[in-house]
Every structure is written in C-alpha cells, then in structure tokens.
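In order of appearance the chains are A, B, C and D, and numbering begins at 1 in each one.
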C-alpha cells in the first residue's frame, strides 16, 4: 500500500502546534542542580519535525503562536533560517511566554525534563488564526497531540483538521503525549480518539496509544481494529528498543528495527523518527524503507546534544543505513 | 423515510447536559426592576425536553451534574416526580452552584433572560461520570449544544456521543445556542460542526445553524448538503413564525406550520417542540405528523408561565391539532 | 466618652462594600426545596446599614459596584428611593453579576442562606473608583469586612480607609464575616487585624473577633487590650441573646440587653443593630443609649420578612424602648 | 541618629520574599536572540540581599517558597552553601515553578530582563508558613516589595511585618518594584503605602517612591514628610548616578555619592547596595559610612556577571573605598 499524496501542492508538510525553547544542560551526566550552563535550541515536537523535514529537503511550513519577545523571535528566525516557511506563525499580543524545557541528562538512560508550560504562548493559537488557504497549499497537515491539551489551541487544531479533510490534505497525527498539560487522561482519551479517527496516518508509542484508549497494556491488534473502522490508512506503533510496527488498512504489517547508537540522551528520538518517516513517504518510498529511515534518523539524534539542530541530513541517514546493511 | 430505533431498550430518550433553575417573574408585562416576586421552576433545555417527554409518556433519563444544595435537590426531586430517571445525575462536590435564569417579560414579544452561569454545576460534569451501560439502555441520546460550551462538560458529552455510536443509540443534537457560555463563535462553530456531523438527527433554528457554520444568512440547502455527507439522516431547521423544515438524507422535505397561540412569553418553545417531535418519532409516527405535534406543543408552552411545568400532555396536543384541522 | 464627629460634613455616613439582592422565601417554615416563590429585596450588610440609617433620618451615601443589568438597576433605584446618595455607585462594565442570597427559613431558629457570590460585581470595585472628595464629605466611613475578601475590592477599601484617616473621617469597621468569600481564616485574620487597628470604631460578634484573632473562644479583655494599642476608641462586641458590650479606650464598659422579639428569622439583625447604633452616636446620644437603640432596632427587624425594607423608623424604635421601660 | 537594633538576636537579617533563577547571557553585548548559552545563578532581590549579607559576614536567614524540582533544590543548596539559614524555606507541593529571569545585555547601558513569573512558587508562600518564633530570632526583617504583588504571598508578608513589630524586630522595606507582577499601580500604591508606613527603614529609587505615591516626579521632601508621620525612622532614596539620600526622622540628611565603575550590566546594583547598607547599620557604623559601603558594593556588582555570586566581600568594598579616598 502507498499513501496517495497530492502532487500539485507547494508544501510537503505543514505542522501545527508548539514551537518552544529547549535549554540543554551543557555540563551533563549529573543532576541538573549541578549544571551551571544551558544551551538554547528550538524545541517542541511539531517544530522539530518540520525542522527535521526541512533539513532532509522537504518543503515545510508551520502554524503556531510565538511570544512577543526575544525567545519568540529566536524561534521564528531559526526556523526560517533552516528553510521552514514561517509566514503563518502568529505573534502573541497578550503577554504569554514561550514554553521552556530544561533538560537534565543524569546518564544516557536517565533523562528528564523540567517544563515551563503554564500559559505557554503556543496554547493560545486561536481558530481564527488558522487559514484555510494556507492548509490547502500542503500535501500533509501534521498535528501534534500536545496542541490538543488546552483551549483555544485545541479548537485551532480541530479546525485545521476539518479544513485539511475538506481540502484533500492528508492528516498525520503524532500523538506526542505530555501529561503535564492535560487535566486528566479521560480528557486526553476523548480528544486523541476523536482526532485519531479522523486522521489518515497515526504515529505514536505503544504507551501513547494506551493513553488514547484510556487503558494499560493495550494490544496493537485491538488498536488498529478500532482505528481502521474510521479514516486511518496507516498506523505506526513504536515499541522503543524493540522496534516499531506499521499497519496498513489493507492488512499489511511492517516491522522496523531499532538501530544501535551511542546514546547521549533520549530526547528528540520521536521527532526525528517522524521527520524521516514522512520524508520517505513523500519521496514515494515504500513503508518498509520509511521505517528504516525513521529508525536511522532517531539513532543519529539521540547521539547528539539537541533535538532540532541535531536533525540529520539525508546523506547521514543513508550512510548509517549502508553500515547496517553491510553488517 | 423513518428513523429506525432499537426496540429492545428500556429508555426512549436519555438527555445529557444542564438542569437549572428558572426564576420567572410573577408580576409581568413590566421591566424586571419592577418585578418583586419570582416563581421557581426547573429549567435548562435538555432537562425541559426529558420532562416534556415524560409528561407525554416517554421513558426518559438524564445525565447531568447538580449542585449540592437546596436548588440541586429541588431539581432532582422535581424531575423524579414527573417520571424522569435521575439515577445518573451526579451531585457536585466542589461547591459549584446551580445555573439560574431570571426571566423578564416586558410584553409577549419582549422577553429576556438574566443568566447566572459562572461556574454553573452542570458544566462540571466529568467524562468519568458518563457511564457506557446507562447510555446503552436507551434508544436515543439527546445532546444539548450548551453542554459543549466548557470543559469538562464538553468532554463528557463528546464521550457520551462516542459511546452512543458504539452502542447503536441514535444521537439527537439540539443546537441550543446560548452565547454567554462561549468565548467565541469560532469556538462554537468547531464543536457544533464536529457534533452535528456525528449525530443522526440535528435540530435547531436557522440562526443556530448559522452559528454552526460561523456565517450569517445561511441557506438550508447548503446546510443539509454538508451535513448529509456525514452521519445525519434527518435535519430540522426552524424559522420561527414561518414554520419549520425537516430534511431527510433520502431527499424528502417536510414543512411544519407554526400554530397561532395567545403568547405569554417566548421561552420554552424550542424545548417543547423537541419533546413532542421526539415523542412522535418514537411512537413511529411519520415526519409530517411529528412536525405538527412539535408545533402544537410549542404553541401550548408559550401561552403558559413556565417552560418545564407547562409541558403539555398528549391529549392537549391532540386537542389543539383537532381544532386546527377543523378550521 | 463620646466619639467626636466633624459637624461640617454633608453626609453622616458613607458606606463602602456590597449591595446585593436577597431572595426571601415567601412560603417559609419549610426547607427551601419546598419554597416556590421568592421576594426580591436589596441586601448586603453595608447597603442595609445605610438604608437603615436613611430610614432613621441620617444623610447617607454608598460607594460600591453594581451589575449592568436589571438587578443592578433595581438596587440603585431602591437605595435612591429611600434617600441614600448613589452618586458614587459604579456600574460594572465587565459582565459581573449582582450577588444573590436565597434565604431559607425552616423555623425561626433554623435559617440559612444559599449564596451566589462567584465573581459578584461588588468585589470588582477598583481603587481608582474610590474618590477622595466624596469620602471627605462624610463624618463617618463605614467599612464592611466582606469587601476585604477579594481584590480589587480589597484595595478599594484599603484606599478608602487611608483617605478617610487623612480627611478626618471616622472609620467604623463592621466585621461582617462571611466565610464563603475568603480562601482561609489566616487570610481573613491578616486583613481584619490590619483594618481594625486603623479604625476608630469596631463592631462585630464575639465569633467575628475570634476570626480576626485567628483563634477560638477569645476573651473580650484580650481583644480590647490589643485594639486599644492602636487607633480604636470604641469596640462593640455582640454576644447574641446575652446582649452586647461596648468598650471605650478610656476604660468604660457598657452592657446592652437583647430585647425579646417574635422572631421570624435571624437575618438582618446585625445590620439593623449597626444602623441604629450609628444613628445614636451621630445624634450625640450616649453609648448606653446607643446600645439600646441598636438592640431595639435588631429586635424589630428579626420579626419582619426582609433585612432592608424592614428597617424601622425612629418612632418604632422609641416605642419599643418605651414598652421595655414600662415593664 | 542611629538605628537601635536588639543585640540579643541570633540573626542579623531575615528576608522574606522571592528566590529565583537568573539565566545570564554568556555571550553578551548583543540581542538575546543571538545568545546561545546562559549561566544559572540564584536571583531575586531579597535572596540576593541575604546572600550579599552573608558574604559580608552577617548572620542571615530566609523565608520563602521554592519549587519542588531541580531549580528549587539548587536555590536552597546555593543559599545554604554561602551561609544563609534556609530552615524556613518551604517547598511548594502544588506544582508551581521557580521564577526565571533571562538577562539580555545589549550594551552596558541597555540591559533588559525576560521574566517568567506566571504562578512562580515564591508568590504562593502562605501566611500559615510564616512562623513567629523564627522572626523573633532576628534583629531585622527585610521585606521585598515584589512579595506584596499577589496573594497569598502578600498576606504572608503582611503577617510577617505584624509579627516583627510585635517582636521588636526592625522592619526594612526594599521597594523592589517589578511592574509585571502587579495588576495596576493603584494596587501597588495601596500596599506600598501601607507597608512603608509600618516599616522602620524604607529603601528605594525615586521612581519606586513615585509608584508608592501613585504619581510622577515626586519630591523627596514630600515623601519623607508623609512617611515620618508614621513608623519610619530612616528613608533612603536613590537617584541613580546622581547618588542617594538618607533622611532621618530627626531631620538629618546624608548624601551618598555613586562610584564610577566599569559597568558590565545594571542588574543587581540595588540588591548589593541594600546588603552593604544593612551591613554597616548592623555593625553600628554611621549613616554616612553606610551610604559609602552601599555605593561601593553596587559599583562592584555592576562590573560583574551575576547578581548573587558577584556579591563582594567586605575587603573588596573597603579596598574600593580606599581608592576613592586616595583620589
């Protein structure tokens, strides 16, 4: 099965949701209390995905709200500098701040994030700021789950999905579940189900699909049985080091291997995975190949310091894949 | 066309949403400043509809949250006394108050409402308080638009709709648009569209459908063209004194006449309309007859002082219809 | 000891704080669930006091914020009609509603109130709406404790007290403690202490002074010892049916008897007490007499249906006192 | 005139208010958009003052609320490491975050701060968390104006002042006005006046005193005339490069010179000024000398990168003063 994308569109992917600031520990392998210096990067799952896509050569755009300050301007400037179209990024005029993520790297496997998300500007994107014409210029609308966590961003995203479906734009839903912005998993489950059932492609970890189903220890077969009764054509479920699975509505199942990497931290793995997976679909590669690109991209990013700036070029992905083939 | 309802269900209609207190001016035909006495009634669109249904002989139930005080207890006691099942009404434990509506009747055509809706208990119904088993015991789930205005009531309703669809329960959406509980018509439009497209029957005034479409002066033809691409089988659009129209997915159009009445006030017309319309559908009467019952019921309620207690019995509706036939 | 008041002022008393609506059970001696009709009156402690004062012949004014609706207009019209100067009552422009109090009279001794105080308009009085020139036109500024419960009303009152002290206006603090508008007794205690220590006269029940002291079972002697280290000259502590005590800075103690009355309900006793007490002080009567007037006024109001409209005329107070003398 | 301090107290100064994180631009003399690395320091005016005091050899303590995360723990550890008693710092259990200040240094004279103060943990200090016994162990209670900006921190500070006055602890009020945490200057003016009039020593810039007076271009003579009618014994008004003035209740006026410094940034000048000024008073030096120490301390801090870690030792202050004498 192949995902049919419109060929007459200017953009490959337009993402909607948050663009934030990551403050990454410069001195790491220690508790954050002992870190005295932080490096600033653009962060936030949908921003990282279009940045990653742009670095791979895709034509990408972004819909989101940024703060009216130095952090907001840095985000817009950085994204524009790597080739993301920022014409539909809106500057907040009500004093909301950019979301922050201080990353703590105690060891490659003990990473945590200290989030500043109270009244983050991205959550104030208003449905009136989502423009039909812009969405119709893209092959794909990428929706990030976190953007559903609060109003009015939630309604902005629901409107964007509606416009995408009316405009023959494929909707890709990256579950991107971040507990701190939701009031309950009941609430998350309501919106995740609603959006997943309207999307063409759904990507997430097994844990995230469990949140969508408001359950624990869910089985992939049950998940896809429910989703394939509705709009989805392709569902990708990630199982960490055990690899990932892509299921198609027509019944195919593909398994993607996780590649070994010298892990510096775990952040950014999902975003780089999604960027490379979409790249492959857009380049009309098959699903098995897309899974390989995705895993390779994730393996590269976890070995590096940031999540956005670290996004690989296509040559880097292909070089890593060649190494693995030659094994 | 007929709406196929499950015959194996204990309840005819279960409504979800608000149950409030109406405080109706005892001395009327004057500004409220000059009213010194108010009569207390149960109010709120979905509560009125199931009360009206119960008076007509339907088996009805209600899902909603009521305040932990004298007003909340009055609501539950009254609804139970007229035969509504209140087993799934939940008592709020966080100090929220019952919504109030003071009605002002300056003249039969100049009526207004002074609302107390800040933190009204009904808007705090939580998705975890909506039980799948209960919904599956009904033929119809009646959803009121106002219940979508705020979280967590919004999510409770979205969950109820999902459960209804999974459980082969018909979803009837009464738009019931009340501007004061919404932050913007953009927001209303997002949720009204989402819910209308998932419902089997949609009922509202032309103005309310305009809100759903986030436009002015919309045409019925456009409305039904959009809705019939999705779940709806039947759409009822009311045009006040010009009567109402019922459109079926199979292409039929029915026009219902508005009956003359000695109008005391305009409140409650829509709720009594919906109650009698659903009664007729459940009794397996045809759509043309359902429109007549609905209009007759509305004509009776506007001639009386309350919106809930004034709901007619079936004999009263039939008597009024006989008078009109004999003309 | 006598309280020295400026003789060159246009107003005897200007009160600051809330003016609300009481909805009193027409059918009483039963739970409110069984009451179907409510009578509307102006309510709220400081409003009642200046209404009571005006009925006794005092020249009174009011500083407060009222809703931009029928309830707000009713309040202003009623207060003006009984002679209260309403020129400094401000209409809220942000959609806040008038506070409501539904009264339940199960029996003369079992009375309770169902309050609607969420975002009540009176709590949104802003310091910029308190005018120095107006306060300086009065002999007395009457401050109600409830107005300290939330910002910005809290700051409006603190500013008014400051202006009063600068303008040689006596500050009378009526503790008027209503738990539902405060977040904690710690918070209440901070502001009650602050304001009491700056006031010239402090009036409250023993329980209210306990709240001020953030303690239980406090002794009057301790209370006055603390207060007389600061501004107060006169402290009145009410002990319900056991009567009330007035303490002066110069060491005098007066005991006022509570008069027997055919009690209909307990509401309004404190407000009518304060109105008549201030009347006596302003008419230059001695403190012992002021306590008698206060008790008589309270006895009259608890025998009647409302708290504001029921405020007695001076002849009624004097007639009741004559009856008691003749015993 | 000398300020009489209790000699029988364990602490010289206990401060109450905020302790935050400063994130200072590592690459400076450029807009923050072009800064990629930030150094982390403890910040917040009252925290800086007790840190500065501790470095000068004073025995200091701190009352404040810190976040339950890496930033909160860093603050407590750092303050403890320099000798501040942190036994009365309270850990927030409701998920509030540490306030942040990103500093931008475009040039030595163009400095600005990007603040994160929404729901900052320090503003949630509750009056019940302020302990009388602790305050009574100090000679001085230092109050920072920003702690008055929101409830419940506001009430915690008002309670602390009350306890200090009852316990013969001198109250020093550092105005520390930060507009972003206040809703209006009317509100600020109410609390600044209230607290200044209850304090023994008041320190601020001329602009800050204008905020207290809710006016522009105020004169020092008017300010002190008003304040000396109340509790203050000493008022220090800073005029930037034009130096500062200390006024005593007994009528003395002292002028302190501002010392030239190689300015890196302007942050931290006020805090280092206050720390050294209090040091001198506590060491029983005269007011003229205290002004010199204060100016010298400020001159040292503005030449360095941080506001807390940069606080000078007493030898550094004295060396700078010697240089100035020898000129």
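As a working rule, a residue touches a chain if its C-beta (ideal position, glycine included) is under 8 Å from a C-beta of that chain, and two chains touch if they have at least 3 such contacts.
If you're wondering where the values come from, they're calculated on a predicted model, not measured in any experiment.
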item	value
Most distant chain from subunit B by Cα centroid	D
Subunit A and subunit B, separation of their C-alpha mean positions in angstrom	41
Subunit A and subunit C, separation of their C-alpha mean positions in angstrom	60
Mean-CA-position distance for subunit D and subunit A (Å)	44
Junction residues of subunit A, two or more chains touched	none
Contact graph of the chains (line, ring, star, complete, other)	ring
Residue ranges of subunit A in contact with subunit B within the complex	126-128, 151-152, 155, 158-159, 162, 183-184, 186-187, 189-191, 193-194
Partner subunit B, residues of subunit C touching it in the complex	23, 26, 31-33, 35-40, 69-71, 73-74, 77, 97, 100, 102, 104, 114, 116, 118-119
